[in-house]
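Listed after this line are the structures, all set down as structure tokens.
Next come two complexes, and both contain chain A; in the first it sits with chain B, in the second with chain C.
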Partner chain A sequence: MSENVVEVRGLSRQFGKTMALDEVSLDVRPGLVHGLVGANGAGKSTLMKHLLGLLKPKQGSVRVFGLDPVKHPVSVLERIGYLSEERDLPEWMRVDELMRYTRAYHSSWDQPYAEHLLDTFGLDIAKKVKQLSKGMRAQAGLIAAVAHRPELLLLDEPSTGLDAVVRRDILNAIIRTVAEDGRTAIFSSHLLDEVEQMSDHVFMIDQGKLVLQGSLDDIKEGHQLLSVRFFTERDELPSLEGMLSAQQCGNHWRIVCNGANGQVRESLRRLGGEVTHARNATLQEIFVARVGRNRLAVSEE
Partner chain B sequence: MIWELWRTSCVEWLFRIGAQCGLVVWLHWFAKNLGSGKTHEQHVIQGLMIMMLAMTCLFSMTWLNHLDNSRKGFSFRLGFTRPVSTVKLVVVPMMFVTASAVICFLVPAALLGWLWGSSIHLLSLSTGIACLVTCFVASAWAPTTILGRWVGMAIVAMGFLAGMSVFHVQRSDSEPFFLAIGQPGYFEFAWYHYVACSIAAILAVFVTISGVERQRHGEAWRLDMPWTAVLTKLGKRFDTLVSPRQQFASKFRAQCWYEMRRFGYIVLLLGVLAPFFPLFFSILATWVEPNWQGTPVAWILALAICPFVYQLVGAEGSLGLRRKQGATYLSPFDATRAAQNGQLIATKLFIIAACAAAGWLWMGVTAGLYSTLAGKWADWGRIGEVLPNVMENVPGRWRVAAIPTAILVYASSSSASLALGLWLALYPRRIMCGFVVLALHVPLVFWDARQDWALQGLWTAYGYLLAAAILGGGLYIIWKAVSSGYLGSRLFGGACCLWLVYVSTTVAVYVEFVPLNLFPPVVIFLGMSSLLVPLAALALAPLALAAHRHA
Partner chain C sequence: MHIEISLQDGVPIYRQIVSQVKYLIASGQLEAGKELPPIRTLAEQLLITPNTVVKAYDELQAEGLVHKRRGAGTYVAESKSPLARREQRNILTRRADALLAEARQLNFTFDEVLDLLKKRQAALNKAISQERNHVGKCG
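Let's look at the complex of A and B:
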């Protein structure tokens, strides 16, 4: 078996004229929590669906546990826990029926763990899914996804519908538990503080392209936010190598740069600017710099 | 609002009007070619056409879509948060639905009148249709429960039937209803008919506005009748009864339970209720004509037809597709089951077959019980004599082979229905175009028959082409399903065993009973290639499911 849990190579997918995924290649290493971030419609769910075999690669390849998820759905899906964005569960099922039914498909089902989670969430097992609130559905779906202690946990926007307490304490605990057991979790979200809090590794997707990937620490260390003051007023800045975005506030500019920020500093100095403050950029700032409206069309290292 | 309604229904509108006009033209041509120039026959055909046009307009998809039972009450709930008064929110879509139904009727009906050269009372018929559609829409939108919706619709339907009966009796026509409605002046309304229709429609609009106003503010009409409590209790009892008491021993059992809950009990319920049709028919026929001896025929017909009815209902129910924002899709919950497509399909086919078998047996038991209790066994006499003689002539090995053959044929036809349903959701236009092309051949066949088969070369070429398509397509489907892993080797092996029995039995029967030199080579070639159909049909449903599951 391959060392990586997931291997995606040159994956492209087009829906009509929209390029949902464009030559995406990535590896998912075991034992880590991977955050998949991107704006709405960036291609996060499309990528997830490819990992589950719900979309067949038209170009490129997808391997999960070294297998093609379309050709080997049983071997792949048995080892995956998945929570869909739509919280799609049969309305007529009772919570206990949902647990029993899901259990039949997973030999590794951990009943005490499932009961513990049911207690923690305070879900009434006699209730039908249609009687549950949106948040409760998410909780029921989450239990069904994690109670068999999957080797790979895929959560598509898991926070949607969960209140702040559940999101902070329980979701984090569940995802951490999965990773600490040596298992792998991939979760997509556009709540960047949440991704920053929970992930070890980040994949950033924009318009179907993987624009950034790496460990969270490396990404944050590799990106700097520079506050720059210019002595003469400037309306615009030229494109500088390594500069990702620039935002003007009067004479001051907030510049996010990556890689060779020494080179950026030197270039700014030559333009008559002075760096008044520098710190590591947050994931939110990096995301906005990479996919936001203020990003620059500059060459990157 | 009108743009929104037009945008979501214009394709269906144009399709319906086009299809109905096409049907009117085709029927006119067909009736002419059959030499049906007599006024009497013309009235019957015209009457049936008027009824058909009116009925299809009543149940236009424009408002049938709004009868989706997963959404109770008013269909345009999104409008509740718009700055629009409830009156406008209700009246605009209601008028649109009514007007669209009337136009869908008017265009083909006017064409019918023009082609047949007879005057149809379009104004009175349109008024009647508008009134009925308004009442139906009111019955669908005003109640907030499914039961309330069906009760409302049943009341409207009964009201319509009562109204039609009174109207027919008032006209004091000596002819039966279906003959009378084709006559030119039949639907001529008096002023009080228009007044009655208008009052009914206005009442329906007011009831709907009142009901929707309550729904907009989170209230509902409640009918706390005794039966509501009883039904709730029965529902809970049913849930407890069918709920699994312990863990499922295997994936297959879990999936069977799931499919059974999803659609199996509906097929079973249908199976329990279906025998009441031949039963009532037999009782009614005996009541009208005490010496009626058609009981066996009625029950044999019911026994022959019911498995296919159960199959169609089961196949439709087992699709498990969902609709959201105009898109049809397989729910991720179903799509992420750790099972092969073949296994998921096999479970569906098993439940369809099991429920159909139970329903069929129940039909047989009811036939026996009725014949015993009503003393009708004497009517079965001739069949009772013929059947053992026929069976005696059938060799033992064929009787044994009949069971796996029947299983294969039923499973493969269920699989084909399932595949058609799944693909129809993905490619409705292509499939409909295919059907239209096929239907266009029917008048060609009739025409050619009258020309003493002048196009025999074309039909022979079609025969060879069809045979080649069956062989090529069938082998490709099987190869695709097996090589892509959609159909597992165990399931495929089982299907092949059944298929070999089927092929050897069919060939043996033909060799024994049918002299092959009677048929032209094209028929023999077609017959031989069609032997592949059951196996290919079995591989079809996993492929169709894969089209949804793996997109």
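Let's look at the complex of A and C:
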């Protein structure tokens, strides 16, 4: 019923000296869109590969539909739709061959749906994969990932390098998967605007660590951006309980703080500061405050 | 239904939908009995997770502004109720608060704001009566 679709406990993974995943524990709930955000190399793809059973946990455990994906690859993978970041499709196949090939692996393949999508995207089925443009590859990969109507859709950086039209196709596939009968999606992205629009639940990952997770609305309402003016100008601020970041712009300070902002306001008042404006912080501002600046591309629009 | 979402001010998207639908209803642009877009349609239009639309519609229903017909969508409630009037008042209150806050930032006194409002009211009345005359001539 409402059992978790994915359960990860204490998952760590090291590549050389790099901690790709560091004690990650998370639950993925059915019927929700989960956004996995982090800079490039933060550990998003490594986590996805563990969910697919492509990597075996060295430390910790992974359960998908209650099963170990390494031990039960067939039972797990037939219920998952996956679009990899590299869109690694067989180059020598024609689009129609790719569809037949993928269909053979999935008893639940929905041919009318696949044809509807081919038609909507205007893909030429006689073309070989290697002749497809970047956008068409993504569309072909997407059909292969969703036409068996998976219970869990996993998309790794699905809109990287795509134009607005193909991006919309991909995001609509997520919307449809979730809207139609409450299936579940996880997508990773470094585009925070996209994650903010598309996610019910957010996992924020940095250097292999899960630094923040929760419902997106709770996260946004639990963080505030304060604009503060000090009666006597100051060049630095002491660190304050609940204050995540402070940035000076002219005679103002922009301060991002977490839930305990009453306390931050009181501390600021004691320092001679007046809060001139306050609002919820955006995901972008929260990310920058928690993970540090210049680590992430801003929206590529 | 025209709705625009903004990611600039940190307001949860479902709240933006709720307040814009309320505005559309209070201003008469969404009439009683009219159907709101299906969940998937609005989600695809705004490129947002469908659960956000569900959350917004649930909240509107809880406040009595819309009602769901089983398996048949969401409709604007028939209400000439005080609720609609209250919502209209809420909209104006928010505008008034914003005006007062801005006036304070710009060092205007309350009396100056009041004076300005009276002048604008006079200008608005004049514009309306001119428009009526104009329409009269054409008719």
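Quick notes on this structure:
Everything below uses one rule, namely that the second predicted complex is superposed on the first by the 277 of 301 C-alpha atoms of A that agree within 3 Å, B and C clash if a C-alpha of one lies under 4 Å from a C-alpha of the other, contacts with A are read in each partner's own complex, and residues count from 1 in each chain.
Just so we're on the same page, contacts are C-beta pairs under 8 Å (C-beta built on N, C-alpha and C of every residue); 3 or more make two chains touch, one makes a residue touch a chain.
Since the model is a prediction, treat every value here as computed from it, not as a measurement.
Of the two partner chains placed around the shared chain by superposition, chain B is the only one that A:106 touches, whereas chain C remains out of contact.
Of the two partner chains placed around the shared chain by superposition, chain C is the only one that A:200 touches, whereas chain B remains out of contact. In the superposed pair of complexes, A:71 makes contact with chain B only, with no contact to chain C.
In the superposition on chain A, contact is made by A:88 with chain B only, not with chain C. When both complexes are overlaid on chain A, the residue A:220 reaches chain C alone and has no touch with chain B. Judged by the touch definition given at the top, the superposed model places A:97 against chain B, while chain C stays out of reach. In the superposition on chain A, no residue of chain A contacts both chain B and chain C. The touching residues of chain B, when paired with chain A in their complex, are 70, 239, 243-244, 247-248, 250-251, 253-255, 257-258, 261-262, 331-333, 335-341, 484-485, 549-551. Within the complex formed with chain B, the chain A residues making contact are 49, 52-56, 70-74, 76-78, 80, 82, 84, 86, 88-94, 96-97, 100-101, 103-106.
Touching chain A in their complex are the following residues of chain C: 5, 7-14, 39-40, 43-44, 46-52, 55, 105. Those residues of chain A that touch chain C in the complex are listed here as 31-33, 168, 171-172, 174-176, 178-180, 193, 196-200, 216-217, 220-221, 223, 225, 276, 279-285.
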